[in-house]
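Two complexes follow with chain A in common, the first pairing it with chain B and the second with chain C.
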Partner chain A sequence: MTVHEGLGNRTVLWVIAVLGLLVIYAPPLYLLAISFNPALQPGLPSLSALSLDWYMALPREKALIGALQQSFLVAFVTAVFATFLSLLAALGYIELRLGRTTWFLAVLLPMFVPGVVQGLALSAVFTRIGVKASMITVISGHLLWAMPFAFIVILTSFAAVRQNVLLAAADLGAGRWRQFVDITLPLIRPGLVSAFIFSFLLSLNEFTRAFYLAGRQNTLPVVLFSKMNSGASPVIYAMSGAIFITSVLTVVALAMYNLVREKRMN
Partner chain B sequence: MNRRPLALIASPLLAILMLGVVPLVLVLVWSFWTWDPATYWIKPDLSLAGYGAILDAGRWTVIVSTLLKAAGTAALCVVLAFPIAYAVHFLSGPRLQTLLLALITIPFFTSYLIRAFSWRLVLGRTGIVNTTLQHLGLTQTPVDWLLFSNFAVVVGLVASYLPFAIFPLVLAFRRVSPDLMAAAQDLGAGFWRAVVTVLVPLTMSGIFAGFLFVFVMVAGSSTEVQMLGGAGASIVSVMINDVMRVANYPLAFAISTVVLAVIFALVLIGNAAFGLASLFGEEER
Partner chain C sequence: MAIAIDIQSVSRTYGPIKALDGIDLSIKAGEFFTLLGSSGCGKSTLLKLIGGFDRPSEGRILFDGRDVIDVPANKRPVNTVFQSLALFPHMTVAENVGYGLKLRGVSGPSLKAKVEDALDLVELPGFGPRTIGMMSGGQRQRVALARALVMEPGILLLDEPLTGLDERLRQQMRDEFGRLHRRTGATFILVTHNQDEALSLSDRMAIMHKGRIEQLGVPAQFFECPANSFVARFVGIETLLKPERIEMRDDGPHAIVAGQSLRLRSPEASLGADGLVAIRPDRLRISENIDIADLVLTVVETTFRGLQTDVRLTFADGQSLVAVVSSDSPTATVNPGTQVPLSLLPDAAMLLSGSGMPPVA
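Right, the complex of A and B next:
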């Protein structure tokens, strides 16, 4: 049995789908195109006048580069901790009998807390206990933001771990740790890689929490935000374009890697 | 009771408690304390001054308008997301589906700041929309209400958070057998009637989860309003930033508490009614 949408309805559905994607992608791609326009006024460049001028000017922007380095460092540490903690959270979830749903919702909880509330709450607590705003405070805020995403990705990858394989290993004398290292870990590796990269990107692009928690060295979005509001120089377009396209290509590369891996296994 | 799972979840649980739950509980408690000008902090005398200040200077209207904006945007996103998710799940072959899912996933991991900012270039006086309109002769002078207006804010919000509504719906559609829709059509229902009477009721958990995600994101958003809103535009996050600029902790905490209370009430009601955890195929087994 199949569903008959009818040609008219199909067309309507596809038009909405395409419009939705356009609304999401057209503006940042337009910005990306503008970043290759050597003119000072923002506008689409003519194909003959494409230029990397604004990208060449990036290294001279000391504030942006400093912020970029800070952001990479924060994102890296956040990703390491988020992946590790989410792996533990997922392993615990698999073994839990009672309170599974409660644990699931507990890990997802930070997703439902607005960034500004979380950032404010954390910064007030840190100030009270005498922790100066620094890289560590930003990482604490970002860790909570990244963990729910990392957890869901890792949990999904556990579908590849079949219980009877683990039981067979146990029958053959493998202890829990041996089972984990030899069976579970290789099977969920794509999930771990995805979780790491997603956490990295979430932290790299996070603004609201970093706004409250960053110390003397701001992260990139915080610096970008102030520059965007103080008469945008086209260098902002180049930096924004570079960050956007890097984020996109990273997710695409990850998807390709997972696809190729799946193909090889089948 | 087996100790192993507890040992495994100990450290993530500690992180959630120390970085998430404890600070939020403290904010709740602190919102009832009194501002102390001597220390630039608050002292533990019970006071409702923070909540009283919400009623001053029309601050409550910002909260109400934020919640309305969040609900409106969330509803709009769900209405758009439903046909999109339908096209992705029911109308696409495996390859196209993978591609579309990737396109819907990518925005989660790109900068909301940059995406909001890029709308400025699109909607501005010399932006592509205005130049196109003038080119087509539809208007002589640039249309001003496109940017720095409520229109721009809503467009920016929908563009930012639409994927949050699409994803739960795709997950929900996966748990619906297409036979049910086909059966409804066999019995004489038209396509839309089958959608409304069969598909929508079966996917309420996805619809609600999508609504909730967008609602939370908008309630906590600031960049879209700051980048695209008009001069007087405000939203809770921007108001909290302003309040914190003068270190008015009790007020900032009171606003945060009100917003959190609304969101958690929605989450709890939604979970009781629709079982959010079931969306991810991970019910109690």
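Right, the complex of A and C next:
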């Protein structure tokens, strides 16, 4: 870029950016700080009294660990199904001529149903037909929640698949299946990966539907919520802190990976 | 092996629009054939039908006498260089070129060797490992060409393959097509709106307009006897005059334009009132002597074009024509308003039917 903003403009832009980031990151950072405070009452620790006590106590909290495992399992299965089903839905959308919009809205609709309503409705229906609350009911609820997002992400990635590229593949002897495997799939791969990550996170963080639909083993957000309300020990801050740190490390790792790959491409 | 194509009464309609209207066309095996026309004339539709990307609404298409209407694109002995090139962006150059062979089951060293041969053929040796993003426009063009040629197709379709290249690259790729055609011996079908490409490359060509073939033949015929004023204009005969009347004289038919008489090439004297007189610019001479001149016209303007200069001349009724003179001749610098004598070489003026005439711009 050869265009330079004036110094004044640049300062304003920096201030806005920093303020925005502060608003986003201050609350979780505050929580992170609390998690290093050995006192029972939540509050900012003094620098001399930083401690990992609550983190050491984490592995002994069977309820939290169980909930965490459950959440990861639910999120993983949800992400796999959401990605696969959304791919099929997107392929359907691409093939459709008439009725495209109807199909689009039909797949998207669950996104607009409030979680409380959907959780309650699903719970009522499951009870009615005699399905007991279990991991499967949570996953089905989360699937409804995550699929519209995964669908949009995958559909967007289909912009990379130009019709004439598929024609060229046909010209060179590829039938529909080979066109799909050799051309379409590699071109929409970024969309599939994003859809998977998106669905995974949406499920991992989901509270309302899981609240209604979980069986004996609750998911982590539900457990954290109930623990917070019952005034439990500050291990929940350590748990939040651990999740936050893991997320940050993951993002940093991804950024580094992309940086290295871009360097290699050039 | 080159394949002959027979197109029999083929029509293609899209709703109320007739993109192709009863096309009959035979293309010989090994021929370089060009479909020339402006956009929307149906030439690309015809190419799609030959490639198998679309089905005709009516009629038959035969390859070496065998009906191929029900053969899908991926099973036809045809390969295409697409206008958009349609290279696979996620594959390297070598993967692009080798894709079709791989589908045929070619693998290992023989795949590698064939891909390298194809890249040599289009003068891109050693470019195999590069990504498509690293290639320039002209290089991509060659990759697309190599990808089609490596399949050793019986028919190669070229869909406006030179559009979007700069003039120097166009020239270079044009020569390349001629060379590759001689080398591979396949039937080449080129679709273009550029008459220079068509005239310089084709064994035979067809000019299309509104879903029909206006004229079919070897390139020189389009100048010698254009079928109508549309064809004449398309191949670069710009001067089309509206005559007052046609007269039969002892030495043949004459067209009268603004009181002056132009001797017509004989056979086409009976075309009726909507005929137009086409004048081949290469058969028009500025003469020295006003007494033996066929026409005397007034200079409107001269336009310097390097080695040559265009002199626009007008009749008394305002109709005009362009004579091309050498830039070092005295006429090249003549003042507007000057009267200039012109002589017509034999067959300079022809009477053409005005049918298919596009609105004058």
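We take it that the second predicted complex is superposed on the first by the 213 of 266 C-alpha atoms of A that agree within 3 Å, B and C clash if a C-alpha of one lies under 4 Å from a C-alpha of the other, contacts with A are read in each partner's own complex, and residues count from 1 in each chain.
Criterion: contacts are C-beta pairs under 8 Å (C-beta built on N, C-alpha and C of every residue); 3 or more make two chains touch, one makes a residue touch a chain.
The structure displayed is predicted, hence computed values, not measured ones.
When both complexes are overlaid on chain A, the residue A:R162 reaches chain C alone and has no touch with chain B. Of the two partner chains placed by superposition, only chain B is touched by A:N205; chain C is not. Contact with neither chain B nor chain C is seen for A:P38 once the two complexes are overlaid on the shared chain. By the document's definition of touching, of the two partners only chain C reaches A:G173; chain B does not.
In the superposition on chain A, A:M111 contacts chain B only, with no contact to chain C. In the superposed pair of complexes, A:P186 makes contact with chain C only, with no contact to chain B. Greater residue coverage of chain A by touch, when chain B is weighed against chain C, goes to B. Listed in rising order, the residues of chain B touching chain A in the complex are 1-2, 4-6, 8-9, 11-13, 15-16, 19-24, 26-27, 30, 41, 80-81, 83-84, 86-88, 90-91, 98, 100, 102-103, 105-115, 117-119, 121-122, 124, 126, 128, 131, 155, 158-159, 162-163, 166, 178-179, 181-183, 185-186, 191-192, 194, 212-213, 216, 219-220, 222-223, 226-227, 236-237, 240-241, 244, 249, 252-253, 256, 259-260, 263-264, 267, 271, 276-277, 280, 282-285.
Those residues of chain C whose C-beta lies close enough to touch chain A in the complex are 51, 53, 72-75, 78-80, 82, 84, 86-90, 99-100, 103-104, 131, 147-148, 151.
Residue ranges of chain A in contact with chain C, taken from their complex: 160, 162, 164-165, 167-175, 178, 182-183, 186-187, 265. Within the complex formed with chain B, the chain A residues making contact are 1-6, 9-10, 12-14, 16-17, 20-21, 23-28, 30-31, 34, 41-44, 81, 85-86, 88-89, 91-93, 95-98, 100-101, 103-107, 109-118, 120-122, 124-125, 128, 140-141, 143-144, 147, 149, 152, 155-156, 176, 198, 201-202, 204-205, 207-208, 211, 221, 224-225, 228-229, 236, 240, 243-244, 247-248, 250-252, 255, 259.
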